[in-house]
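Here chain A shows up in two complexes: once beside chain B, once beside chain C.
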Partner chain A sequence: MLLDKLFSKGRKEQVVIERITEHIRLLEVACEEMRIGMEGGDLRRIHHVLRLEREADAIRRQIIAAVYEGAFLPYLRPNLCRFAENVDRVFDAIEETAYCYLEMKLPSSIRDHCLRIAFYNVRISEMLLISFLAMLRGDRLREKTLAVRIYEKKIDDLKLEIRRKLRSLPVEGFWEGKALSDFVTGLTSISDIVEDASDDLHIMHVSMR
Partner chain B sequence: MVKLTEFMTTNLKFVDAHSSVYEAIEQMVDYRIRSLAVCISKEKAEYGVITARDIVVKVMSKGIDPAEAKVGDIATTPMLCTDENATMHEAAQIMVDNSVARIFVCGNGGPVGVVSFIDLMSAALIARARGDHATR
Partner chain C sequence: MWKLLSGLFFGWSLGANDSANIFGTGVATGTVRYRTAIGLTAAFVVVGAMAEGPKCMTTLDALSRISSMGAFFCALAAGLTIATLTVLAIPASASQAVVGAIVGVGLLSGTADLSPLYKVVACWVFTPVAGAVFSYLLYRIIERVLNRTVRSITRRNFLYFVGILTAGSYGSYSLGANNVANVTGVYVSAALLTPTAASWIGGMSIALGVLTYSRKVMTTVGKGIVPLDPFSAFIVVFAEAATLHVFTQVGVPVSSSQAVVGAVVGVGLVGDLRTVHLSTLGRIGLGWVMTPVAAGALAAGLCHAYTLYGRIQTP
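Up next, the complex of A and B:
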């Protein structure tokens, strides 16, 4: 693995790599739980997303702690921390989306588009994991980051269509409208943050050459 | 393998065959799309397609008033379709064989999505990036 070759096979480094991998795998699981929960209206799955976010928070703290305890060369540490923080921001967005989903009923006119976005969120988080594993192997990331951008653009197109439909959707009150608006914002922001995290990987990859 | 349904555009817009071409233009401009599915008979599941190219070539360039022309008169029928289980490769082959820029994906109840060259290109790039990776 490229990171191993460059920065020794110390235990601290190994812990960080394992935790980051676990962090991204958990992200993929959370996105899949959100998708399945939305598809079947299964609220237990949505509650599971909330628990996964707390688990992810603990992993993020372990990563940051291990990095500050001296894992990896100093110049890489800020990038690693920023990457972990960005993955955590994705979890925050999923958590917010899950909370909003629990407070509202998904209107049928935007349901299909929202489910499609939830599906792309699973795919884009999977691609983030593929990118990270590729970086560890020292593979080129150009194709992987492009794939992330393609998914992000697909979601952006759907976001425009949802917004168009939302404008003509009647809501009973302020809070119902807010929950719906926050839900859509959260669901569609996940890919934006994954894209940021993907860019972090790219920067790390370039800086290791 | 990346599925056709994963990359098709589901944001399909329909126009009735009896509508004016002007109405079709309005929809295309509003939704920033280049083609519309034309509903000829919903009961018989008969559909066609009208593209921006059809409108320019068959109406505007001939000086015909789009408000007077009917969608059904210039639409291409029947709609070129593939089923939801088709692969990206099969869809691409149909498009190449028929020299068309897009193909509709049809289920039992009619068209459910449309795939264009850019969708096929994106899918090919995704498949390349994914490689043999399967995390689940």
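Up next, the complex of A and C:
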């Protein structure tokens, strides 16, 4: 066990890193598919998001299993697992948003705002990958964390505007209104969870310095 | 040879207790498996005892002339004192107990030479100080080097793992080299054993204590220091090992527990953190006085009682 760990030169750790990178790349793809699907009204793209969420779930399980099989020092393991869980929570939020989108018609008065949020979601997930790779190299994370916060703030501002518009929007029934409300909540919560994941990266970076 | 039994018991309890100072953090945090930790500790304790153990025996030899029965009572009194003070939660040092016992027996027989005692007491006082200074300097230097050379998180992860194993092995070596004199040094003074035989027997008895009864203390001590990050844990063990090794070259057996406390304080100073409470330092101070006095009084009392018993038996 000891010799295996000494001479493997971090093989287990490499597996975890590869899986996490794959997890975040998949998040980028899911955000992009969501954006394209919303932009062109392409429901096949939205269905693809649902499939990507299931794929991400499997990757999350692989990460957690590899970590508990002994990858990385025990000191780092809880933070790694929390990071993977947070990325998975982002997938859950995207899935929920995609389901809501399938059940409703996006009102034209908030369409542009929602598309801008979807675009920022792609950017923020790209920034998460950049931050993760920078953390692996031991580079500074301050600017990357700041970029994530700026995107999150922009999305928060758009959320306020959407809410204001939603109040004056007529709805046909309870379920239509609920689907629309859940869609907006889901779409705007993605950046909040990405910000949490970005904070996890920062903690890992500091703890291994 | 039955007179060696008290020394063997003393070595066994020292191994069971002091191994926690070396791999305690590693085992409690799960970085190193308990079996790996005790295997490495036992092996390196014996190597350290054989390689440098006799260096500290000469200092103990100079404190007083001891008979074979005196040696038996010294080791017994030191062992009992350590056990009692441990129950009372006062950090007791094996070195202080043995020196106290030798001086106690020496004063009773009129052969005590107190002139080397200044050097010994100075080393006791400087043990936590040296631990703090070493850990502070090592932290600063190694941190700077690592920040320039090893930045990748996976490489650091591997480096910290290897570092904890290496520092632990070095700590075990230093423990064997420094503390074997406490266990069997009195038998060399009493001409019951040669320094080589004393190092071998003492090292083996410490290793036996590590292998058979160290789990509980290792887990308890380790959990008390768990808030340390892997780098600080590595520095603390490395500083403790260096402190013990330096005092081995000086020829004075010192306390590994007090070296660890000093090293934790040193790491705390780097981050301006309060890692050790004043009450802990107060308890160490109490141990400095209580341990040698109690061991000395007990050893002298046992010797006196034995002499009286001998007189009653042979009128």
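As a convention for this text, the second predicted complex is superposed on the first by the 200 of 209 C-alpha atoms of A that agree within 3 Å, B and C clash if a C-alpha of one lies under 4 Å from a C-alpha of the other, contacts with A are read in each partner's own complex, and residues count from 1 in each chain.
The rule we apply is simple: a contact is a pair of C-beta atoms (placed from the backbone, for glycine too) under 8 Å apart; a residue touches a chain by one contact, two chains touch by 3 or more.
Computed from a prediction, not measured in an experiment: that's the story for all the values here.
Colleague: Taking the superposition as given, does A:14 touch the first partner, chain B, the second, chain C, both, or neither?
Modeller: second
Colleague: Once the shared chain is lined up, is A:171 touching chain B (first), chain C (second), both, or neither of them?
Modeller: Touch status of A:171: no partner.
Colleague: Would you sort A:75 into first (chain B), second (chain C), both or neither based on which partner it touches?
Modeller: After superposition on chain A, A:75 lies in contact with chain C alone.
Colleague: Based on the superposed arrangement, let me know which partner A:150 touches: chain B (first), chain C (second), both, or neither?
Modeller: So A:150 only meets chain B here.
Colleague: Taking the touch rule as given, give the residues of chain A at its contact with chain B in the complex, in rising order.
Modeller: 25, 28, 32, 112-113, 116, 119, 123, 126-127, 129-130, 133, 143-144, 146-147, 150-151, 154, 157-158, 161
Colleague: Where on chain C is chain A touching in the complex?
Modeller: Of all residues in chain C, those touching chain A are 29-31, 33, 36, 147, 150-158, 160-162, 165, 229-231.
Colleague: Give the list of chain A residues in touch with chain C in this complex.
Modeller: Touch residues, chain A against chain C: 1-2, 5-6, 9-10, 13-14, 17, 72-76, 135-139, 204-205, 207-209.
Colleague: Quick one: in the complex, what on chain B touches chain A?
Modeller: 6-7, 9-11, 122, 125-126, 128-131, 133, 135-136
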